[in-house]
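Each in structure tokens, the structures are laid out below.
Shared between the two complexes below is chain A, which has chain B as its partner in the first and chain C in the second.
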Partner chain A sequence: MSERRPPTDTDDGTAGESLPDDGTVGERVPDGGMTDGGTTDGGTAHSDRTFVSGEHDADGHAFPSTSEIRRWLVTTNHKDVGILYVVTSLFFLLLGGVLALLIRVQLWAPRAVGETILNPAAYNQAVSAHGLLMVFWFLSPFAFGFANYVVPLQIGAKDLAFPRLNALSYWLYLASGLLFAVSFFQGGTFAGGWTMYAPLNVPTFMPDVGASTAVLALVLFVTSVTVSSVNFITTIHRMRAEGLTLRNLPLFTWTILLTVWMMLFAFAALLAALLILSSDRLLGTTYFALESPGGSLLWTHLFWFFGHPEVYIVFFPALGVMAETFQTFTGRRIVGRKWFIAAMILVALQSFVVWMHHMFLTSINLQIKTLFMVTTIGISLPFDLMVFALIYTMIKGRIRFTTPFLFTFGALLLFIIGGITGVFLGAVVLDYEFRGTYWVVAHFHYVMVGGVTALVGGLYYWFPKMTGRMYDEFLGKLHFGLYFVGFNLLYFPMFVAWQTPRRVFDYAPGLAPWHKLATIGGFVLAASFVVMFYNLTKSAFAGDPAEDNPWAYSTTAEWAIPSPPPLENFPGVPTYRDGTLSFRSDAPQLTAEADGGTAVGSTSSATPPAAYDAAREAHDEPASHASIWPLALSVGMFVLFFGLSGLRGGSFVSGAMGAVYLASSAVGGAVTFGSLLLWALEPFDAPAGGFGEAWPFAGVENGKVGMWVFLASDVVLFGGVIGAYVFTRVAFGWTGWEPIPTDPIPGLLNTYILLTSSFTVVLALVAAEKRSRMGVVASLVATFLLGVGFLVNKGIEWQHLFHEGLWLSTNVRSSTFFLTTGLHAAHVIVGLLITLFLVARAWRGAYLDDSQTVEYFGLYWHFVDIVWLFLFPLFYIL
Partner chain B sequence: MVSTKLYTAIYVVLFVSATIQVLVEFAGLAYWTAFAVIIVLSAVKAILVAAYFQHLRFEPRSLTYLVVTGLLAALALTLAASYSIL
Partner chain C sequence: MLMGLRYVLSALALQSELIPRGSRTFVFQRIFVVFLVLGTLVGIVVITYMLYTAYRYRDGEDRADDGVDRPTLGELPSVGSGGGGRKLLPSFTLSVVIVISLISWTYGTLLFVEEGPSAEESMEVQVEGYQFGWEFTYENGHTTDGVLRVPAGEPVRLRVTSADVFHNFGVPELKVKTDAIPGQRTDTWFVANETGNYTAQCYELCGAGHSYMTADVVVMEPDEYREWYANTSNSSSAS
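So, the complex of A and B:
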């Protein structure tokens, strides 16, 4: 693009550059009719169009324009982050796709070892990396690109609750993906399948450094997901427009809401599993070692407790896209909307009680297998309801076969096949036959890539909104044709050739024709994406300018504002007070204390824009949109984790690479720490919540909700680690297991110390509320000293144990003791670093007017205390 | 909300019950009796800290449900996994 705008112009989206400034399309007739969350009323937005431009300028923060690289490095705006997610996830689709094609080339014919195209170890890596990349680094992030872009628009928020954390989620995601890519070059990446079963996953059987890096990359990815979940949960619950109750929430936002709740708890369990695995690989604990009781079963429990909800985590956003596009392109509100939502909630809950159907061929007892067979068959029922709701919506509406609808309609067909073939696997007896075969491979590709199909539909659906330009409809339909044919040619033969063993490149020669068909299908599917990339890349820069609402009968709020939307989204405060979307032109006064949904100021929709501007200056701090620290922090963590991958049995690998890993750890640690510090010191205005609907967290400010949501995930993290201990001890024989410390008194002493430190944090908050600077400082210093005392006491205890010959790798009893109490100690250390920061700021008089920071820290510190209240009896007494 | 006096009283209760846990261990009760007493004491302490130090008692109940949900998930995993190998 030739035209460049001055850097102060904060217009959003590249396509805006060739559009006339105030948009081209002028007034548009509101679509009316059947709605999600009331009818959108585009007219209101348009009448304020000139004012929309003015709003940008008022925000003159020297925020770089979208044509500058710098913009994309510092942005915290949800729309920018959404675009970054979509583009990056498509990059990982290419990476995972190339690996898939390599697999298909290998499977063209059954080959013995020695005659293969990829060498056997490389094949194992390709299969494992393909699965991990597609599930973690493509599917969910692709969906979260849309979630980032669309959810705040649909709920009427200016941005997510914590914009810098949102940018951090993205950069950690990219860092984790790049770290995974690096793992290929460290002797080979993880090669034990995407399920990473034990004991194959420990260094004894998989010694490459790259395998450790892949595990650490996943840890980093989970960090990103957790941050993201906290952010979205807070945003969707606390930042909905007035009148947009959960009952009226658009279905895409509903699916994202349920997805992030599942993510919060499921990924915490995965984090527990991954931390234990990292500890086994890097520090030398023996949880998953061959000789540990229940070691391999422990992994399957932890992994699948995450893994089954994960199926719905990747599928729900696709379901949301289907629901949105079915409504738009049939011109019909979804049939049985209330029941559709109820069914999704039911699935989200049930998803946590079906995990053992992945373990029917393990040694778990028959009673529990039967129970989980029942829950598994049960979970298919709400899905039936959803499928029929979608089908009836089509029957009752008038279908328009645009590209987005073709994809989501195709997705429905594929999902029906995927779902029905899954019911076979839910039956214990059939699973005895099907497990580990291509039946499973075909089934979950129909489900998961079926989901991708809907998300591709979502990409076409929101492309005009995100870029301000229309894609080429003919190429879109061509893409669909190739895609659908390629998809079925690729995956359907796998059902027929189901006797092929999964993850193995050799198979019965009689099945070869089916595999040849599948390979051809794979290449057709890949070719279809070439069409898509060509179409979308060309259209993003040279397509026809898109209207604000290119789709007749669309009903959600993102279509009521310009394409692409301005930086702060709405020309005023969105409200559904009257049942339809309109924009109030008075800014509600939001104060930090009383923003619980009641603080909305007086309303007078007739206020002219000029008055609004004045109101805005008086009440509404301009929101911040830029910070470099999310990027810096992610770079630090990338370097740190790369360094840590060189650990083996508690020390760095020998030789020059060992020095590189050591240096990398040190540098990465320093950058991580420095970025966190500068992040904490940076002034940044996040949008406040509670301006509209905030159920069920009305009256609790965003920061506190975020903290509690995070702590709830930490409950599951510690639950997973403590659960691993309990499980291992049960497998060992509960009463035959002696506690590692023979003397409970040092543990009791530490209990006293932690309880006292909790008390001093309480005193700090009391002092802050009484505006006593010395009181705050003294209490926090006492907390710090007590925390140090705790660690010193623990250090002495560990040293004694070490001299008695007990260390992490001695046996599984000592492994569980050191890792669980070590994870707790790590939480204490983090708390102490925060305490130091608080002391320094309290010394300068902070927190006297605003004690929230002290309060939030207290919530964390008390949680760490509570964990110890259970660790102490479990590891010292019982 | 809560007076410093009440905070202090709770702190004393926590301190004492931690001591009792160790005394129970040394009292020579049957293993599972002692187990039950000690775990119940831990749970009571945890509830006290959450209710007063984290002042969940004075917050909207939704925050309590949020934490309880996390706890239930962790317990479901631990108990079902342990049962599966009995």
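So, the complex of A and C:
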């Protein structure tokens, strides 16, 4: 579990620096200019102004300019990260798009045995990889490129709450995508569809190493998403400008806020599913094995509990882009804004109670079907309201059909068709026949690629802001024309040919003309993207310079600052105190850089909003916007996960490749661990929140909010794993299932040990507050020893079980026991590593002035203890 | 609550001619056509209105300043009012009414489909999917691979499961479909009114042979079927 490192970067970096005896911290950071502003000559920074004009951060120490590769490797700035996300996601669009075209070529005609272009196994891989790449590695990250770039600007923040974690999210995302790409070359990637149904997903039926790699790539991706959700949730709640209450939040930011909340919980459930699947594939547990009672259904529940919210997770940001652009390009404020927001909140909540509508043809009973039919229809209704709100917003407008609006207007049209065809699926009797056919394929492409259409509109909308240059309007319109024709030519025939079974290439010959049309449409759509890539690449370097605000009637804060915005975003502290945006010019180091060209005036104020710059004042040592550790950590995890993919049934595959995998795991593990350590020791400025609106976390610092939010996702992770146990046990027969440890005493002992260790953590905190160095050290050492005692005790217990012939793969009872308690033990190990780190720093006198780190660690540690309080009765007593 | 609702609706469904009942092909066609007609209609109305509005309020040089309060940069969303909301709730309500009545209407048929034919008036066949084919076992224990024979006009109940991975058994022309899940049994039924040959197909990705995982469904004259059935015994055959 080391990859789910709790977000503590505001404190680790700053806590000790003000202490005189802790001066070694700076020396520990390797040189190379990455982290130390003094090594680069500030004079070169202004040489390039293509993307970001303010290469100097407000402290005046240098940061590589955007024309240097190094800048993009070390940056933690949200605008840079946003651009990286957008560019990378478009790269994965190409990959997924090429696969889509291969699929369409195969479907040009029904393919009998021997007439295929891709062989059947390759076709299955293409379909599966296409779906996974498009949904995970293109659609969401594309949206999060904009979220990264725009959300801090819209809310008036200098950056996200945890800039290094943000960079980490990006690098983990890239690493996971590359890992997925590698999986194609390890005998073949995952071939069981993006839904990954069991038991086809286990090695018995899908033995290729590449299939394991694909699953691990997803795990890495989920890690990135979780880190990102924690970051955005903390940022949006804690770092809004004065006056920007949630009610007044711009709609794009609203959609992102709801998206990240859904992500936090949905992806935690997916992580539970994927960890169990990885364990089945790599360690040999038998959750999803053919013999497992309920294994198939267990997967469908776990997957769809994630899968349905995922539909809204990918769609909401698109909705946000539509709302913003409709307001801007019609010159009208959105109709029924309050209702629009209420409808979205309703959808976000309800999205977690509709998952079984994907399972109408399984053995669930009529009551449950009825219930899920009702919730499903219920969740579709708020969308009607949103659609009408968007349409009525146009009334009395001054509508300009510029490229961004063409795309979002087109997106609304596509979404209406997608929505209407979705109602068909909500009628269970019809769903019985549509399931597994091209009706579903057509419907979800209208909705999801409809969402992509809006996001492409967003790309054109924010392109001038992000690059400082205008795209070519004619080519933009041409792109839209080709896109819209291609899209409908591609997907509409799928409704007509709906009788075609999904993921099948040998269909009824009578449907061939429709499939031919669709294939032609696919190529037209692909061609439209060629136009876009040409236009945007050329314009990014040679387009006309863009004004600060190229769009009439736009309202949000990103348009009130230069295009592209300077590194520190605003010429003062943004505030809406007077009902409109202004920048308070009392923050001295910011006014010096203020750009006169903004459309909005500055006001001054007698009360400096200290928190806006609080982090900087906390210590004297220079720290910078740059950090290499997010990249290093991601490289480490990439190598580690690549190595782990070679595991099968708990040991590495035989032969030379086995040695490669083993070495790769070892190296990757070492790099991961080392980067984590150096990360923790690096001095780093994170912007503090609470300078404006911070509901509902006004009194809690960013670090603590982040920890809480992270733990909330961990609750769902354990919920998923424990739920899997309960589900399996019920399917097996609750009473016929005997606990694996015949002797509950070691477990009971461990319960006492953990409870005591929670107590010692509290003592450490008390000691820190009393400024007793020895007290802190002694309590933390006691915690560490108790934790070790827990693990040793568990080790002895497991060894006994092993000698009794019980191990991970023995049966499903032992699988659930070892995996669930093992996941908990992994949390304990992570906790102990952190404890060691804290002890080392406490020895040097850290945490006495600032006990936050100890407090956050305490939250984590108590949580791990509480989990054990659930596991003990479930696995030892009942 | 749910149960109560169910009984009320069943009672209504039984009395009313409104609720399509009959073979699964019939009920599907009925409901599908209604949805298609209404869906197309709603789609055309909404999209036409949307296009018309967009055209009507397009910007242009000739547009005079119409005195409308436009959004300004840096304003708070709650400062200006959106207006135009008067149409929002009525249209929303209308769409809610349409959707809910459509779905409730199909619910009666769902109850009918879920109920299925009784054991006396129908025959039962066990279906087992495997990579990559279908095996059928009749009531007398006779097992065939790849061919399902049934009498025309008589309800057939299927008990479906899988020997290996997740499959899905469906016969598109007969509008019958259900998951084939290892370790689980799912039930469904159909009536084939016309004799002839149909194709059953797998609807859940199950491996390399998925595209070709088909079986023949032979619908025979009832007499002919009975003659064939009488000659089968507790054994396997390929037909």
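Points to keep in mind about this one:
Methods note: the second predicted complex is superposed on the first by the 780 of 878 C-alpha atoms of A that agree within 3 Å, B and C clash if a C-alpha of one lies under 4 Å from a C-alpha of the other, contacts with A are read in each partner's own complex, and residues count from 1 in each chain.
To be clear about the criterion, contacts are C-beta pairs under 8 Å (C-beta built on N, C-alpha and C of every residue); 3 or more make two chains touch, one makes a residue touch a chain.
Not measured: the values here are computed from a predicted model.
When the two structures are aligned on the shared chain, A:Gly294 is found in touch with chain B and with chain C.
Look at A:Ser363: by the touch rule set out above, it reaches both chain B and chain C. When the two complexes are overlaid on their common chain A, residue A:Val788 makes contact with neither chain B nor chain C.
Once the two complexes are overlaid on the shared chain, A:Leu430 sits against chain C while remaining clear of chain B.
In the superposed model, A:Val726 makes contact with chain B only, not with chain C. Judged by the touch definition given at the top, the superposed model places A:Arg503 against chain C, while chain B stays out of reach.
After superposition on the shared chain, chain A has more residues touched by C, the comparison being chain B against chain C.
With both structures placed on the common chain, the touch criterion links A:Pro199 to chain C but leaves chain B unconnected.
When the two complexes are superposed on chain A, the residues of chain A that touch both chain B and chain C are 294, 297, 363, 731. Chain B contributes residues 4, 7-8, 11, 14-15, 18-19, 21-22, 25, 31, 34-35, 38-39, 41-42, 45-46, 49-50, 53-54, 59-60, 62-63, 66-67, 69-71, 73-78, 80-86 to its touches with chain A in the complex. Only residues 111, 113, 119-121, 123-124, 127-128, 191-193, 197-200, 205, 243-244, 247-251, 290, 292-297, 327-328, 330-337, 339, 361-363, 366-367, 369-371, 373, 377, 380-381, 384-385, 387-389, 391-401, 409, 412-413, 416-417, 420-421, 423-424, 426-430, 432-433, 435-437, 499, 501-506, 549, 553-555, 557, 559-560, 576, 579-582, 599-600, 731 of chain A touch chain C when the two sit together in their complex.
If you check the complex, the residues on chain A that touch chain B are 265, 268-269, 294, 297-298, 301-302, 305, 352-353, 356, 359, 363-365, 368, 696-700, 705, 708-709, 711-713, 715-716, 718-720, 722-723, 726-727, 730-731, 735, 744-745, 748, 751-752, 755-756, 758-759, 761-763, 766, 858-859, 862-863, 865-866, 869-870, 872-873, 877-878. Remark: chain C residues 2-3, 5-6, 27-28, 31-32, 35, 39, 42-43, 46-47, 49-50, 53-54, 57-59, 63, 66, 68, 70-85, 87-88, 91-92, 95-96, 99-100, 102-103, 106-107, 109-111, 113-114, 131, 164-166, 168, 170, 172, 175, 177-179, 181-186, 201-212 touch chain A in the complex.
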